[in-house]
Structure formats: structure tokens, C-alpha cells
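Below, chain A partners chain B and then partners chain C, in two separate complexes.
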Partner chain A sequence: MSISETYGRYRRALGEEPLAVVVLLVALWMAWTLATGLMTGGIQVSSLASQVWDGLLRGLIIGLAGIGLSMTYSILNFANFAHGDYLTSGAFAGFATSYLIAGFGESSIGSLLLLGAGTSVTGAVIGVGVTTSPLAVIGGAVVAGAGTIALALAIDRFVYRPIRDESGIVLLITSIGVAFALRYLIQFVFGARTIGTTLAGSVPQVEVVELLNNQLIEYTARETAVIQGTFRVTAHDITLIAVAGGLMLGVHLLLQRTKLGKAMRAMSDNEDLARITGIPTERVVRTTWILGAGLTGVAGYMFVLWKGTLGFNDGWLLLLLVFAAVILGGIGSIYGAIGGGIVIGLTASVSVIWIPASFSRAAAFVVMIVILLFKPEGIFSGRTTA
Partner chain B sequence: MSLLEVRGLDAGYGDLQILTDVEIDVDDEEYVTIVGPNGAGKSTVMKSVFGLTTHMGGTIAFDDEDISGTKPESVIHKGMGYVPQSSNVFGELSVVENLEMGAYILDDIPEDALREVYDRFPILKERTDQKAGTMSGGQRQMLAMGRALMLDPDLLLLDEPSAGLAPDLVDEMFDKIDEINGTGTAILMVEQNAKEALRRCDRGYVLSNGQNRFMDEGAALLNDEEVRREFLGG
Partner chain C sequence: MSIADARDRIDDLFDRDVTLVLVVLGAIYLAYILAGVAFGYSLRGQLNSIANLTFFIGVFGMLALALNLHWGYTGLFNIGVVGFMGIGIYVTAIVSKPPVAEGGAAQVGGLGLPLGVGVIAGVLAAGFFGLVVALPTLRLRADYFAIVTVAFSEIVRFTLMSRTFQTFTVPDTIDVGVAGLQLFSFDPAADTIGLGGGGGLILNYPDPLEAFLRLVFLWDPYLGLIDFVRRNIISNNPKPVIDGLAYGLVLFIVVGLFYSLLVRTGQSPFGRVLKAIREDEDVANALGKNTARFKLTGFVLGSALMGLGGILWYASRGSITPPSFRPNITFFIWIALIIGGAGSNTGSFLGGAVFAGVLYEGPRYVKNLVQTVFDFGDAPRNFGEAVAAFGSLDPVPFVVYTLDNISQLRLVIMGVVLIWLMHNRPEGMLGHRKETAASVDLSRPSDDDPAGRPAAADGGETE
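This part shows the complex of A and B:
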């Protein structure tokens, strides 16, 4: 093959798939930056590992919250913008409970329930943490789930159900209103401060001292860079993985193995056919809210337990990433929500290797757009709720 | 008293009335077809029986019980099965899950009925775990009928069972319907393939513009000059 032929082929490729070529070039540049960074010690293997770990955990939270969003979308046919504030509500309800259990007797019940508003009570002072007060954490997680379920059912009963036959747009705009109402109600009660919720210092951590990096440094003979990188795994990391993994497995089994779960899949597939086979649609709708809201409430609680701070905007800020994950995975699919959540979480965390940290959210959306350009129906297309 | 008695039915969608004063009877174990041109309201009759349209007047009685205005999810409890014309399987569910959904209203999956469906449609047994959406049109139609038979209904409503089937499958489908009718299930069928349907059925109705036009035994309608000229293409 002559040079001109080869050249012509690449020219054609560039003409036909300009996007693919750009993506390939960016990927090559990223791989090069990463490889040289690791070789020269500019990027520590330990910090890379920490970023991947952080992204994975964040992705599990996004995925868990995404399941709820995806379920309500596929069964109720509307995108619930109040979903993020369900998450916040769950976190506040859960932590009010945790404060009450962990700090009982140390402060007044009122100030504990208000998460220490106007007092010096903080999560660290009363020792909220999975090892210091496991009961408070279990109780908090349960109340976070149950409280969010109660909230979602009440909102469905009084807001969404009366307009269920309206178009998806009406429901969507209504849900934005619900989102604002919830968020500022929370701000009104608990204040706009960022609350330190957990006893971060006392959470046991396993420090994985990193060997690989030192070997690489030796290999490249850069004695000046003495980096003792460590990679920490905390008890809250493990709790998060166990809870999120367990709930995801539970949802999977419910949808695949139980009659109710199959009925939910049937209804998301074809509502009219579900009705003529005798599936009670209102009950399925209620179950969908219960499951979706329960998962979201627990996701909110675990998110706050893991990151250690709580603010009234947390869920709203996470919602865009949750939407990105759900769309990326293929809206309506719970596996898509999980997969999409992990991709989005990893992207947001690991992107700081290449770009400033303040652009990490933007990076998540860029990855979403790029993937959708190649696979418009989402990663897990063809698998709805199931 | 007939098994199904539709009297003076007015029905449609929202404000749009499709059916005017429609009368349909199906006796126990009888095989009845409804034929007529496109837009005659044939499918609307079926949907109305299952509560999927707006009821505007008249009565629908099944087994001596007035079921007009009953919700779709309750009609199946009365002993009727319904195979709609299109998207009549849950594409995302496997074959066996589709059949399980057919028996949703029972506490347990009726093993006998499942075995009977598999005997009647052996292809379904070979493909229990295949996703319904990936099957051919004929297989989906069999699955849809199998699903509707899981509760061993007294009356089976079939909307265009031969639609979209390859020509060599059409006969097979009509044979299956004969068999189902032969085991004591009454059939109310809407068919585009009017001549074949009328040849096979006990009695037929000709519907046009949402109204009854003719009613007689299938063979009689096939031989009727006017019916032939107007509706059967000569």
C-alpha cells in the first residue's frame, strides 16, 4: 500500500468520523499524560487509587439514587425533579434520628432533632459514626428510608395523583415546584449552614501503604521525589459498599424473582396490557414510590454519612449527576442507573488528573454526551426497568 | 341468556363516539367473528368489553352480570381473556414470565394450565427463557394467546389474530383457534381476513361505521349477495 493510499484512508476516516477521531486523540493524550505522570511521579499511584475509590463510592450513591429516579420514570412516565430533595429529606430525617440516638441525654431533644441548630452540638461531639454508635447509624438509615417513603407517598397522594393523567410535562414542572418547596422547607427548619455530621477522626481506616509507586520511582531513578503515598479505606466506605450493594442486589432479586417485581416490569413495558391481565396498577404505582423513595432516602443518608457534611442543597446538587447517570445508562433501566452512576462518579473523581477540580462535574457531563453520541439509547439500552 | 350480551352499546374515546347502538351476543362455547371495513369499530367493541374505552350508553353483560364500566384490571376476574391486536406481549419479559403474568390474579402459577399451553404451543416450551420481544410475529401471537389461556377463560377475545403473520402461518393460527374453541372456550374474534373467518366461525357480525349491518351464520353471510358485494370484495 502506497503512502498516498494510506494517507487517503486516514483522510476519509477523518471526514466520515471526525468525532471518533477527536475522541481517540483526546483518549491518547489522556493515556499519555497519565502514563508519564505515573512514571515521573507527578501522579502518585496512591492518589490515583484514592480517586478511583472515591469515584466508585460516589458512583454507588448516584446509582442507588438513580434506581429510584429510573423506576418512577419508567412506571409513572415522568422525570421527577423533586428526587434530589427526597434524597436531602432522607438525609435530614435520618441524621435527626442518629443525633437523637447518639446524643440522647447530652443535649436537649429539640436541639438534637434540629441537628444542633444554635448549639455547639455536632456529629463529632456526640460521636455519630458506624463504629462509635452503630445503633444510631442503623436507626438513622432506617428512618431515612421510611421517612422518605412516607414523604413520597404523601406527595404522590396530594400532588401527583390528581394530575396523573396529564402529560409528562405538567408532572415534570409540578415536580420542580415540589423540589423548591421541599428544599426551602428544609432550609427553613434546619438553616442554610453546612452541618458536620459524623465523627470523621475516629472512623477506623485501613491504610494501604503503597509499594508500586516507590518501585516506579526507583525505576525512573528520581530519588528526589520521596512520596509516601497511602490509600485509605474507612469503615464508612465499607458500610456504604455493603448497604448500597445489598440494596441493589435486593432490587434485582425483587424485580427478577418475585411476582410483584415481574408485575412492575410488565407495567413499565406495556401499561394497557398489564391492566387487562389483571395487574392492579395503582398498587404497582404505590410500590414503585415505596421502593424508589426508600432507596433514595437511604442513599441520601449513606452519602452524608460517608462525606461527613450535610447541607440543604446536597440532593439538588447531586440530582444533575443522578440524571446524567440515568440517561447515560438508558433511562428506565435499573442496571443502567447503577452502571451509569459508577461511570459518572468515576469520571467526576478521576478527571482531576487532567483538568482542574472545579471542572469535574462538567467532565461527567462531557463523558455522558460523548457516550450518548456513540450510543444514543444509553449503555444498557433494551433493558427497561428489569 | 347468552354468555356475552352487548346491548345498545355506545362507546368511544374521550368525546369521540365510535360505536352506536351495537349489539353482540356470544353463547357458551360459540365461535363468533366480527368483520367489516377498516375503521368500522371492530377493535373498539373488544376494547369496550374490557373497559378500555369511554362507556357512553347501553350495557355489556357477561354471565348474567352487568360489567359495563368495570375497570380493565377487574374484567379478567369474570372469566374472559383478551388478546389485543398489537403489542400484545410484554416484550421485556421472558416467555414464561409472560405466561405467569397471564395468571397474575391467582396466588400460584396454575401448573396444569401452563402444561396445557405448552402442549398447545410447543414452540413456547422450547423458548421459555427467551425475551418475548425478540420472537417472530407468529411466535408472539402464540404467546399472547397462551397468556390469555392461562386462566382457562369461558370467553376468549381475539383481535386480528392473523394480522402480520406469514401466509403459511395464517392457516395454522386458525387451526389453533378451532382447537381452542373445540375444548369449550367461546371465541369472539375480529378479523381482517373476513372470508376465512366467516368460513370457520359459527356466527358472524358485519360492522360498518360503528353500527351493526348484518348478522347471520358464517356460511350464510359468505353467500349473501349484499355482504359479498359490499364487504368481501365480490
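This part shows the complex of A and C:
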């Protein structure tokens, strides 16, 4: 291909895809700002590192919750807007259990189950945390998963199953109804307050700053001022990585080693054909809900354990990021959901370098919109479910 | 079928719609008046209650009509309604607020232009953002489009909340020049301008009702009316009550304008293409219609109407804050539309009225009614105390707690109603009368009704 031909092609692309050019220019500007920021010390390496770390952890939660959303999206063929409230439900169920185990005897069972409503009991007082009360955390995570599974199955039985054959839009509107009913039922029971679940600063942590210092000093002859600041890794960070990583590996093995993955792929391709082939479609649907809701419930619990506060709106606020991750990764692909989750989490956390912090979630939405415009089938498209 | 026959049928339909609307509105108002009697309201209280009801019927009816243009006519699944409403009222506020900041240092000023200009600017801005949203995204699938629109409305809310746009200082003079040559310079009236951040904006422009009445030269008669009421009916400061009722009346007039605009749009060739797109976009495309362009125009028009709806909702509220523009409002409008029946303009308005009267305002009246009849004393402070009483077989604290938290429970009820509707009557009250895209009558004459007329002689069904 001659140079002039290549040049001509780029010129055409410039004319046909003005948006693509804008995206490219924005990307170049971002890279330039980051590079100059790091060179001049305007952006500290340690703060960048902690943003990346934060984004990675956030992304794991989004990915974990996204697996469930992605599976129900491809198999039941609708965008479940109640998914975020499944996550909230899991978090509340899990923390009610954790409070009960960790604070047993310190307050009445009723007030512990209501996460200390009307009393002075807080997560910090009774010591909810992975090091202070590991049993409470394990119990909480298990109940979060199991409770969300029970909730999702009940809702599927009474709400979604009777209208299984309707169009995706009918199901979508119905799921919005489910979302609001769940969200405000939770508020009705637990109140609108933001509940502090763990005491900030009490979780064991390791400062990674010295490590970074030493390494960077070897590479650069700059003064140490450039790399001052702290970068913390807490016990809850590690717990989150272990749980999320373990569950993702588990889902991967389950879908690879059993026929379930194949049945799911078959169903998302063509449900009628799958049924004719002898795949028990209703059972696959039920398994999908069990897997998806279990992961979502645990994701909700880990999210709250990690960030230390719990409110009735948490799931909704995360939902659009989860949608962004699922669309980014390609609907139906669990690896896509995980990968998309990490990208979205990183976007939301690291974007503060370029834009004001109040727009960090907006930045993640913009990434989603850009993906929808240029590659609506997602980055990992074609590799659905397993 | 002769032309006279067709006209007869249209008149018939119109008559039935008018009757239906009057019956539904009459039932809702009667229920509220009876509730007021039960509460022992004074005349003033009754009028306030009616003004409040009228306000919500007006705004929900208006917004449901605008949404009907998106979803019922064009099939565009917009769940970012509240974003357009927010843009409308914020732009109006910025344009019309007086330049000098009032209410402390935290408040910002505006451009100080007349309110009418502000409303036009707000509507245009909402339409413009509709264009910005729809231009790249219209070709997306309905569910993707839904996610994009809800993300857009959240981005709008973040922007309103953000400290970045909270306040800007406007320079005293702005020079406009080209290549060093000064063309003209002007002195903007505003000192500071901005979105106000989390604290919102105080709407310290002239009273919208007064501005409107002055515009149509009815301000002096209106003052005369107030004076008459003060001398004969309510002696103690009747203006706020009359203001409320008059504002409700203005809203109803606007609803009427929306309605006739949308009916005309729906019957025009433009509207028929929109309906064809809703039924099958590929077919409309194959028939040589530039469907993308039609969808875009339809979306922009609907967004502008939503902007106007937002302006009329919040303009008389004294102040606006970002939390008012949460997706809950979008959810309300969707329920209103689905109750009424997407695709029918009469249905959209009725849905708005029923939603406002029963689901939105109703629970609060039920609570007041129950509390008037029974004296329960103080409500438990939390759910635990409410449930604890079940141990001693005493359901009263739970009932009181439920009543006390009716505002949260209201949304649960709405969610359940939405689910029920999708299960049992997804077409809503009047959705079965979804207007067809064709301009000629497509219905087959039935055997028992040879003339092909609707069997309305016996009064027909009320729905």
C-alpha cells in the first residue's frame, strides 16, 4: 500500500468519523497531561498508585456484580435494573448477620439485626472487621450470598417468570418497578441513614510508600519530594481480592468443567432451539439466577466491608457502573464483565487526574457511551459466558 | 364511508374522551374534597389542598404527554426525563435571576433578563441537549438507549452538584474582537453566574404567575379578584391561596396546549411517520423515510417539552437543589404514562392525573385520614420498636410506624403497581386505543355492527 493511499484512508476516516477523532485527541491530551504531571511532580507517583489500587479494587467489585448482570442479560434477554438493589439487599442481609455474630450479647438481637437502629451500637463499637471478628465476616458473606439468591429466586418466580416470553422492554420496565420496591422497602426497614459498618483506620494496613521510594530512587536521580505520600494496603483490600479472585476462578471452572456453560451459551443464542435440543431451560434460568445473585450478594457485602459505610442507595449508585462494565466487556461474557469492571473501576478512580472528582462517575459513563457508539458488541464480544 | 361519517366518528371519540377525562378528574377532586371535609378543613385548607392536587395533576399530565411523544409515538425508551427537566429550570434560573447576588455570599446571580426569555432559553436548552444526546445514540438498541439516557440524567445531576460549576465571576466588560481589531465590547449585567453546586439556586426572580399575568394583561383584573375574595370570602390574606389555584389553572391551560400540540403532531404526516417507526423502523426506512431524522426531531421536541415541564414544576418553588433531580422523578413519569397507556394522548394525561391523585398524593391523605380518625400517639422511632410490639400481639406500633413512613412506602407501592400493570395490563387504561400509523381507517367492519361504528350508543365502556 502506498503512502498516499494510507494518507487518503486516514483523511476519509477523519471525515467519516469525527467522533473517533475527538476521542483520539482526548486520549492524546490525557497521556500528555499524565506524562508532564509525573515529570514535573504535579502528580505524585504514590497518589497515582493509590488511585490505581483503589480503582482495581472497585473494579473487582463491579466485575463480580457484573457477572450476574451479564448472565441474566444474555440468557433472559433483558437489562435488569433491579440488579443494584439485589446488591444492596445482599449487603444489608450480610451486615445484619455480621452485627449479630460480632455483637452478640452486647445489645438486643433486634437492634443488632437492624444494624444498630435507635441504639449507640455501630460496627466500630462491636468490632466488625476481618481481623477483629473473622467469623462474623465469613458468616456475613455467606448470608449475603444465600439471602440474595433466595430473594432473586423469589422475585423471579413471582415477577419475571409469568412474563418470561414478553419482550425485553416489558421485562426492563418491570425490573425498574422491582428496583424501587426493593430499595424503598430497605429504607422502610433500616432507615435512610448512612450506617458506619467498620471503624476507619482500625483495619490493619501496610504502608507501601518506602518500597516505592527505594525502587524509584534507583531509577530516577530526582529528589524524593516527587514520590512522597502514602499508599496503603489494608486487610480488607486483601480480603476483597481473595474473595473476588476466588469466586471468579470458581465461576470460570464451573462454566468450563460442567455442561452448564454450554447450556447457557446455547440458551443465549437461541432459546427455542435450546429447548428442542433437550436443555432444561427453566433449570438453566434458575441456575443463572443462583450464580448471578450469589455473586452479587457477596459483591455487595465485600463492597460495604471495604468502604466502611452502608446506605440504602449504594446499589443504585453502583448499578450504572456495573452496566457500563457489562456493556464494555460485551453482554454475556463473564471475562468481559470482569475486565470491563476493572476498566470502569480504574476510570472512575484515576480520572481525578484529569477532571474534578465530582465527575469521576460521569467519566465512567462517558467511557460506556463511547464504547456503545463505536463497538456496541463490547471488547470481548463473541466469547459469551465461558 | 363518507366524510360526514368519518367526522361523526371523530366527534364521537372526542366526546367520549372529554367525558372520560371529566369523570376521572371529577372522581379525584371529589375524593379530595370529601377527605378535606373529613379532616375538618376550613375553606382555605380545602382550596390549598385542591390547588396542590391541581399542581401535581398538571405537571405529571404534562410530562407524561411529553414522554408519550418519545415512547408512545416514536418508541424511544427515554429514562432520563429528569435530566431535561433539570436543564430547563436551571437555564431559566440562570437567565432570569437578578444580577446582584442575594441571600449571602454563597448565592450566585443571573443575567437578569425577563422571565419569559428565561423560559424560552430553558426550553431551547433542553431541546438542544436532547439533540446532543440523541444525535449519536439514536441508532442504538432500545435497552442501550435507556442506559445512555439514564446515565445522561445522572451526569446532569453530578454537574449541578459539582463545585466546578458552582460559581463563576463574570468580568465587567467583555471585548469581542477579531485579530486584534475590537468589534464591540459590552458590559454584562451579571457579576457572578453558575449552577450553585450542592446548595442549589434561590429563584429570586419575579413571581412567575405575576410575570405571566402581566404578560397577558390580566394582572390588574387578578388583583381585583383577590380584593373581591378578601372582602367577601376569605378575609385573612387570600393571595397565596388564590395564587396556588391560579397557577394550577395556568398549568391546566399548558396541559391543554401540550395535548393539542401532540394530537396535531400525531395526526400530521410527521407524526404518522413517527408511529410507523414505532411499529417497524425498517419498513418506514424502506418506504423512503429518513427515519433517523424523524426520530431526532421527535426526540428533540419531546425533550424541549420536558424542559418546559421541569420549568413549570419548579419555577414557583423558591429554590432548586440538585437532589430534586434524582431518577425517582423519571420513574414517576413512567408510571404515570404506563397507567394511562403509552400511545394515547388522552391516556397519558389521565395517567398523570390518576398517578398524581392516587399514588403520589393519595398515601399522605390516607395517613392523615387514619390519624384523624384514630389517635395513636407518637410513632415508634425505628422499625425495631415497631416490630417488637408484635411480641405482645400489639400491631398498633407497626401500623403507626407504617403511616409515619408512608413517603418511603409510597415508592414501594408504586413499584408494586408498576409490576402489576406490566403483568396484567401493560397497555394501561387507554393504551389499547393506540393510534395507528395509517391515516385511513384500517378496522374491519364487524358483523354485529355493520356500520363499523363503535358501539357507543349505550354509553359504551367507561375505559
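In this text, the second predicted complex is superposed on the first by the 346 of 386 C-alpha atoms of A that agree within 3 Å, B and C clash if a C-alpha of one lies under 4 Å from a C-alpha of the other, contacts with A are read in each partner's own complex, and residues count from 1 in each chain.
One rule holds in what follows: contacts are C-beta pairs under 8 Å (C-beta built on N, C-alpha and C of every residue); 3 or more make two chains touch, one makes a residue touch a chain.
Note that the structure is predicted; figures quoted are calculated from it, not measured.
Trainee: Superposed on chain A, are chain B and chain C clashing or fitting side by side?
Mentor: On the superposed model, which is not a single observed complex, chain B and chain C fit side by side.
Trainee: Centred on chain A, what angle do chain B and chain C make, from Cα centres, as a multiple of 10°?
Mentor: It is 90 degrees after superposition, to the nearest 10.
Trainee: With both complexes superposed on chain A, which partner does A:Gly139 reach: first (chain B), second (chain C), both or neither?
Mentor: Neither: A:Gly139 stays clear of chain B and chain C.
Trainee: Please indicate which partner A:Gly127 is in contact with in the superposed arrangement: first for chain B, second for chain C, both, or neither.
Mentor: neither
Trainee: If you tally the residues of chain A touched by each partner, is the higher count for chain B or for chain C?
Mentor: It is C that touches the greater number of chain A residues.
Trainee: With the two complexes superposed on chain A, say which partner A:Ala362 touches: chain B (first), chain C (second), both, or neither.
Mentor: Once the two structures are laid over each other on A, A:Ala362 reaches chain C alone.
Trainee: Please work out whether A:Gly196 is in contact with chain B alone, chain C alone, both, or neither, and reply first, second, both or neither.
Mentor: In the superposed model, A:Gly196 contacts neither chain B nor chain C.
Trainee: Going by the contact rule set out at the top, does A:Ala266 touch chain B (first), chain C (second), both, or neither?
Mentor: first
Trainee: Can A:Leu114 be said to touch chain B (first), chain C (second), both, or neither?
Mentor: In the superposed model, A:Leu114 contacts chain C only, not chain B.
Trainee: Report, in whole Å, the shortest distance between any C-alpha atom of chain B and any C-alpha atom of chain C after the two complexes are superposed.
Mentor: Minimum C-alpha separation, chain B to chain C: 18 Å.
Trainee: What part of chain A is shared between its chain B contacts and its chain C contacts?
Mentor: In the superposed arrangement, which is not itself an observed complex, chain A uses no residue for both chain B and chain C.
Trainee: Quick check on the complex: what are the chain A residues that touch chain B?
Mentor: So the residues of chain A in touch with chain B come to 259, 262-263, 265-266, 268-270, 272-281, 383-386.
Trainee: Tell me, which parts of chain C touch chain A in their complex?
Mentor: By the definition above, chain C touches chain A via 77, 79, 136-137, 140-144, 146-148, 150-152, 154-155, 158-159, 161-164, 327-328, 331, 334, 338, 381-385, 387-388, 405, 408-412, 414-419, 422-423, 426.
Trainee: Enumerate the contact residues on chain A facing chain C in the complex.
Mentor: 19, 78-79, 110-111, 113-114, 117-118, 159, 162-163, 166, 168-170, 172-174, 176-185, 187-192, 316, 320, 323-324, 327, 356, 358-359, 361-362, 365-366, 368-369, 372-373, 376
Trainee: Give every residue of chain B touching chain A within the complex, in rising order.
Mentor: 50, 52, 71-77, 82, 84, 87-93, 97, 100-102, 104-105, 147
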